[in-house]
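First chain A sits with chain B, and in the next complex the same chain sits with chain C.
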Partner chain A sequence: MFYTFIFLPLISALFVPLLYKYFNRLVHTGWFVLVVPLTIFIYLLQYIPGVAAGDTYKYTLSWIPSLDMNIVFYVDGLSLLFGLLISGVGALVIVYSIYYMSKIREALHNFYIYLLMFMGAMLGLVFSDHLLVLYGFWELTSVSSFLLISYWYERKSSRQGALKAMLITVLGGFGLLAGFIMMIMMADTYSIREILANLDVIQNHALFIPAMLCVLLGAFTKSAQFPFSIWLPDAMEAPTPVSSYLHSATMVKAGIYLVARMTPIFGGSSVWFWLVAGVGLITLLYGSLTALRQTDLKAMLAYSTISQLGLIMCLLGVGSLAVYFGASDSGTVFGVAGFAALFHLFNHSTFKGSLFMVVGIIDHETGRRDIRYLGGLMQVMPITFTIALVGGLSMAGLPPFNGFLSKEMFFAAVNEVSQAGIFGLSKIGLLFPIIAWIASIFTFVYCMIFIFKTFGGTYRPEKLTRTVHEAPWGMLFSPIILGLLVIFIFFFPNVLGKYILTPALTSMLPMTEMSSYDLKISVWHGLNLELVMTIGVIVVGLLFFKSSKRWIQAMRNYPQGLTLNHWYNKGLSGTERFSTSLTNGYMTGSLRSYLIYTFAFFVIVLLSSLLLLYGIRFDFSNDAAISVFDVGLVLAMVIAAGTVLLAGNRIVAIVALGAVGYMVAMFFVIFRAPDLALTQMVVETVSTLLFLLCFYHLPKLTKQIERIPFKLTNLIISIAMGLTVTLLALSANGHKMFEPITSFFENAFELAGAKNIVNAILVDFRGFDTMLEISVLAVAGLGVYVLVHQRSKGREQHENE
Partner chain B sequence: MKTNDVILKTVTRVAAVIILTFSIYLFSNGHHHPGGGFIGGLSMSSAIVLLYLSFGVDKVRENIRVDFKKLSALGVLIAIGTGMAGVIFGKPFLTQTFGHVDLPIFGDTELASALIFDTGVALAVIGTAVNIILSISEDR
Partner chain C sequence: METLMVILVGILISIGTYLILSKQLLRIVLGASIVGHAVNLLIITSGGLKKGSAPLLGEKAAGFADAIPQALVLTAIVINFAVTALVLVLSYRAYKSFGTDDMEQLRGNEHE
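Now for the complex of A and B:
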């Protein structure tokens, strides 16, 4: 039941093309799609009471049980928090997209298929307990993000942005895979839950640090942490609903999810703390500083997202200290930091989601996103302005909005960490509150710029391409809901805290004992350091904002050559040049070279593994007696093979080659394997036919005298190939390396209901092989078709010109 | 492949029927006797290729209106679909099952889900083999 709901997005994606084809003229396809996240959201809601009471649920779907590959879904506080975010924000984004994406002009079926694919992948990711399945969903989110960024693929910037996001996140994905494999090797299990159960094995293992670094690489690239953050601003080429959903509310939080999930495993070590908290802090500063000099509203929000993700990451790092301290007072203090991370993660999804939608509305109604052209929109779009004000002030960390609460908790956490006195924090721990404070000032300033440069000032309709009016209600609906949440959470934070965040924290920091008193979020803490810091942020921020004209221009003149993007571009073109020269070095276009590579690889790998594993062992004792027929057939085969070598024209060679094949079929007949004989016969016929067809394209066989090295290479390769195959065949018979599987064949009738063992093997025992084989076959067939037809098409075009 | 060979055409008319019948026999009997989806599909495609050889591509295409590319895709889909069927019933992917049914004419007959899987295999093989041969032969 549970997996039906998790796979619902993927299953329903199959029906989107049909709905688009038959109903789009009447109803926007989005209305159908909306049902999916709404159903999932409502379904997941019913887990809240149980999970809040401390229960967890586990659902197993057998996939390949013999390899221990199963889809295991595990519902605990952390995955439920993310599941609710994904489905809830997903529903709001789809409502918004119905009004944003034109039903006439856009290829809606593509859009919604990609979106559903992403939603399914993301749900699978957060609920998976199986590491490799988690990795599969992880990559699927990268792929669907790629497709969504390049949705307007006729634009060059979209394609480049998509490529950049893909390259960087997939690089991290490989890191993640390596990290997971190391974890699997260490713990000898695929399940996160079982790894958590025997932590000692992992924590004292030599691979502990490498695995941690690899996992962090994956998390940092996905969550756009410095210096991998450069893909996120370019990903803003996607339609705004996508930016709002993937690139602020959910996908970029996959890295956060991973770090939170791995905290009980890796947290408590100094490397983890310094990397997660340090990189988070740097990202926070970098993102807020770079956001200041953006003129494009979406780019500004992208950098602000980077900075906010850094903030959450930093809080997670601080929270991981709770693992180090365990169940003690300090443990509780840092546990609250982890709580703040989850709280801010939720808040960020609400206010940033609404801000992105506001930018989409502005873009949609005015045709501009550049603050240099905008201004004074307050008069024409009062509702949009109100939403922007709520979201923007929440991001700036002002009351009465939820951002204020989590920002205060963040300040409290960095103040605590400066006094922790472990991991060398006593010396440079003071940097944490200082950098956090400076970054908060920048955050405050760009929030002010976002709100007042767009909506304040004088209204200049002559600079805009369209006549501006308030957005339709359907477009305002989702940001209004999010905006109301922002205010609601400020006044009733503990509803969220008690039922959703506390269970999530329990799964992140299971070893720390937290009372509900510790996790109570209150608006008024009394006059303490955090409040003073916030007041300082407001005062200094306002001063900066007033004088912004003078120094922002200076920031925009920051040299291009020093940006991360510049280095990325250089690196990319360098890699491309290198790989072109490398590829051109061996892709000669001559079939002979390719055959040499193939055969050489075959010989080297097989011969060396035979030698290294002591595989060459002959055992002739069980062989059957050699009859006259065998001798005759072998002689005939030798003669036929010799004819192929000496033949003066190709037809003779092809026919002789066919003869060798038929002779093999005869062997099967002698050894009473009618299935194989039949198959061999037909395969031989069809392939001889293919040969004859290809014969048309081949040059005439001429008896020219080739150079000696050329012939020598051929000789060596053919002898090596023959030798390898012979050795392999002989030693395969003499070996008992693995447990025999004869019992399967003997009981074929009971197990598979088949009297024909060969067939039972093909369709039952090794059905997976067959399925993949025919898939390969079909793909190869399509490949041949495409290659041949592209070529003849190209030639026709050439002739027409 | 445009020839006007009377002998070949006459022989093909008879032979194609025999090969086609035999290939269906091979396919449907595969679970208990020599044969199966792969070999059945291959022999059927060899019959189709024989038709193409003797009557020419255009004429056969007029009479057998099948897109072989789509056929191979359909085959793979069927095979994967039978795999998924197991999942729906809560069994591992690609679990095959069989049962015995008393049919009016055939008597006690065994029905195996493997046969559906085998159909997918056969269709994929026919589609691919004919598709490749046609593509290469059309390339001038």
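Now for the complex of A and C:
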């Protein structure tokens, strides 16, 4: 039952093309698609009471049981929080997209298939307990994100943005895979549950830190943390519903999810704390600072998303200290920081989702999203303005909006961390509140720019390409819902806190004791340091905003050569040039070069492994006796083969080759293989005839006039090949590691009614092999026929000309 | 006997490889054919030589020669023949179409 709902997006994606083909003229395809997230959302809602009461649910779908590869879904607080976000925001985004994406102009079937694919991948990701299955879904989200960013693939910038996102997130994906494999090696299980049950094994293992670094690489690239953040602004080339859904509300939070999920395993170590909290803090500052100098509204929101993700990441890092302190007062204090991370994660999805939709509306209605052209939209789009005001002020951290609550908790957390006194925090811990405060000022200023440069000021319709109206109600519906949530959560934060966030925190920090009193979110804490910091942010922020004309232009003149993007582009083109020259260097187009690589590889790998593994051992004791006849045959064969090599005449070469073949047949006679001898005789006769027939048309053997180095290379390689094979075969003879299994086939008469064992093997025991062999013959025969037939056609054409 | 056969196989492989590395298509076909023979001999040698009688159950013998390498080689001979025939006709076609059998002149373009 549960699987059906998780796989519902992927399954229903199959029907989208049909619905698009037959119904799109009547009904927008989005209405059908809307059913999917709504169903899932309603289905997941029923888990809330159970999960809030502390229950967890596990569903196992056997896939490859013999390899311990099963699709195991695990429902706990954390996965449920994400599941509700994915399906809930998904439903709202689809409603919005119905009005945003024109049903006449756009390829809606592609769009909704990608979107459903993403939804299914994301749901699978958050519910998976099996590490490798989780990884599979993780990469599927990268792929669907790539497809969605490049949805308007005729634009160059879309393709480049998609490629960039793909390269960076897949790089992190490989890191994640390596980290997961190390975890699997350490714990000897695929299940996150079982790893959590045996934490000691992992935490004292030598691979603990490497595994952690690899997993973090995956999380940081996905969640656009500094310096991997550069893909997110370029991902804004996607249609706005996609930006709102993937690149602010859900997919970029997959990294957050992973860090939260791995906190009980890796949290408590100083490396984890410093990386997660430190990188988060730097990202927060970098994102908010860069957002200030953007003129494109969507780019501004992209940097603001990077900055907010950094904030959540930083809170998760601080929260991981709770693992270090365990069940103590300090543990509880930092546990609240983890709680704040989840709270802000939810809040961010609400206000940022609505802000993206607002930008989409502005873009849709005015044809512009550059603040240098916009202004005064307040008069024409009052409802949009209200939504933007709610979302923007929430992001800036002002009451009465939910962003205020989580921002206060963030300040509380960074103040606590400066006094934690472990991991070297006593010396530089004070940096946390200082950087957080500065970044919050920047955040406040760009929120003000976002709201008032767009909606305030004078209205200049002459700069816009369209006549501006308020957006249709269908487009306003989703942002209004999100905006109402922003306000609702401010007044009733504990409804969300008690039923959804507390169970999520329990799965993130299972060892910390938290009472419902600790996790009560309240608006008024008295006049404490956090409130003073917020008031400081508002005062300084307003001063900055008022004087923005003076310094913002200076920021926009920041040299391009110093941006991360510049280095990314340089690196990418450099890599391309390097790999092109490398490939052209060894792909010469000459068969001989390729054969030399093959032979050299063969010789080097086999000889070195023989030497390194002490494989060379000779044992002549079991050798059969050599008769005079054998020696004569061997000598004759060497002479015949030498003749093929040295012959200047093609007829001589062919006859010598035939002699080699017939002598092979004679060897088969000596070695008691009558069937082989007979076959070899027949085949050799036919192939000699074939050679002679073809030689009629082929050119004469030319005298070898190659240069000495050419011949010398050939000589060295061929002698090395012969030597390798000889050594290998002699050593194989020296190690008799297993008994021959031929006696297994000596019941041929009882089983197959055949007295000839070789024949019984070929046509009965391994009959399928023989059938395939015959098909190889048939294909080769067909090839010969076609090649010869083509000749006559070519000749006819020639004659006609 | 096994050692002698292995040395013979080594010599044949060397000769075959040398031919394969040359420029003329015809020599390459000849070399491949010799390598094929060498590998067949190697497989049959690996099963042990001159032990027991031919693997025919009618023979009232104490033991039989190893039948598995024989079955393998029988398959290999036939496949070898198919490959040789195809390569031969292919080189003939290549010569007819391009007017040369020199591999250096038949190589691909620089920027493909």
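Just so it is clear, the second predicted complex is superposed on the first by the 587 of 801 C-alpha atoms of A that agree within 3 Å, B and C clash if a C-alpha of one lies under 4 Å from a C-alpha of the other, contacts with A are read in each partner's own complex, and residues count from 1 in each chain.
Definition applied: contacts are C-beta pairs under 8 Å (C-beta built on N, C-alpha and C of every residue); 3 or more make two chains touch, one makes a residue touch a chain.
The structure presented is a predicted model; accordingly, all values stated were derived computationally and were not measured.
Once chain A of one complex is fitted onto chain A of the other, the partner contacts of A:Met637 are limited to chain C, with no touch recorded for chain B.
Applying the stated contact rule after C-alpha superposition, one finds that A:Val763 touches chain B and leaves chain C untouched.
Contact with chain C, but none with chain B, is seen for A:Ala653 once the two complexes are overlaid on the shared chain. In the superposition on chain A, contact is made by A:Gly722 with chain C only, not with chain B.
Within the superposed three-chain model, A:Thr679 lies in touch with chain B and with chain C [touch as defined at top]. In the superposition on chain A, A:Asp296 contacts neither chain B nor chain C.
In the superposed model, A:Asp623 lies in contact with chain C only, and not with chain B.
By the document's definition of touching, of the two partners only chain B reaches A:Trp63; chain C does not.
In the superposition on chain A, contact of A:Thr742 is made with chain C only, not with chain B. For chain A, the partner that touches more of its residues is C, with chain B and chain C as the two candidates. Contacts of chain A with chain B, set against its contacts with chain C after fitting on chain A, overlap at residues 674-675, 679, 683, 686, 690, 694, 697, 754-756, 758, 762, 770, 777, 780-781, 784, 788, 791. The residues of chain C lying in touch with chain A in their complex are 1-28, 30, 33-34, 37-38, 40-42, 44-58, 64-68, 70-71, 73-75, 77-86, 88-93, 95-97, 101, 103-104, 106-110, 112. Residues 26, 30-39, 42-43, 45-46, 49, 69, 72-73, 75-76, 79-80, 83, 87, 90-94, 96, 98, 110, 112, 114, 117-118, 120-121, 124-125, 127-129, 131-133, 135-140 of chain B touch chain A in their complex. The touching residues of chain A, counted against chain C in their complex, run 584, 588-592, 595-596, 599, 620, 622-626, 630-631, 634, 637-638, 641-642, 644-645, 650, 653, 657, 660-661, 664, 667-668, 670-676, 679-680, 683, 686-687, 690-691, 694-695, 697-699, 701-702, 704, 706, 713-715, 717-719, 721-723, 725-726, 729-730, 732-733, 740-742, 745-746, 748-749, 754-758, 761-762, 766, 769-770, 773, 776-777, 780-781, 783-784, 787-788, 790-791, 794. Of all residues in chain A, those touching chain B in their complex are 61-65, 674-675, 678-679, 682-683, 685-686, 689-690, 693-694, 697, 752-756, 758-760, 762-764, 767-768, 770-771, 774-775, 777-778, 780-782, 784-785, 788-789, 791-792.
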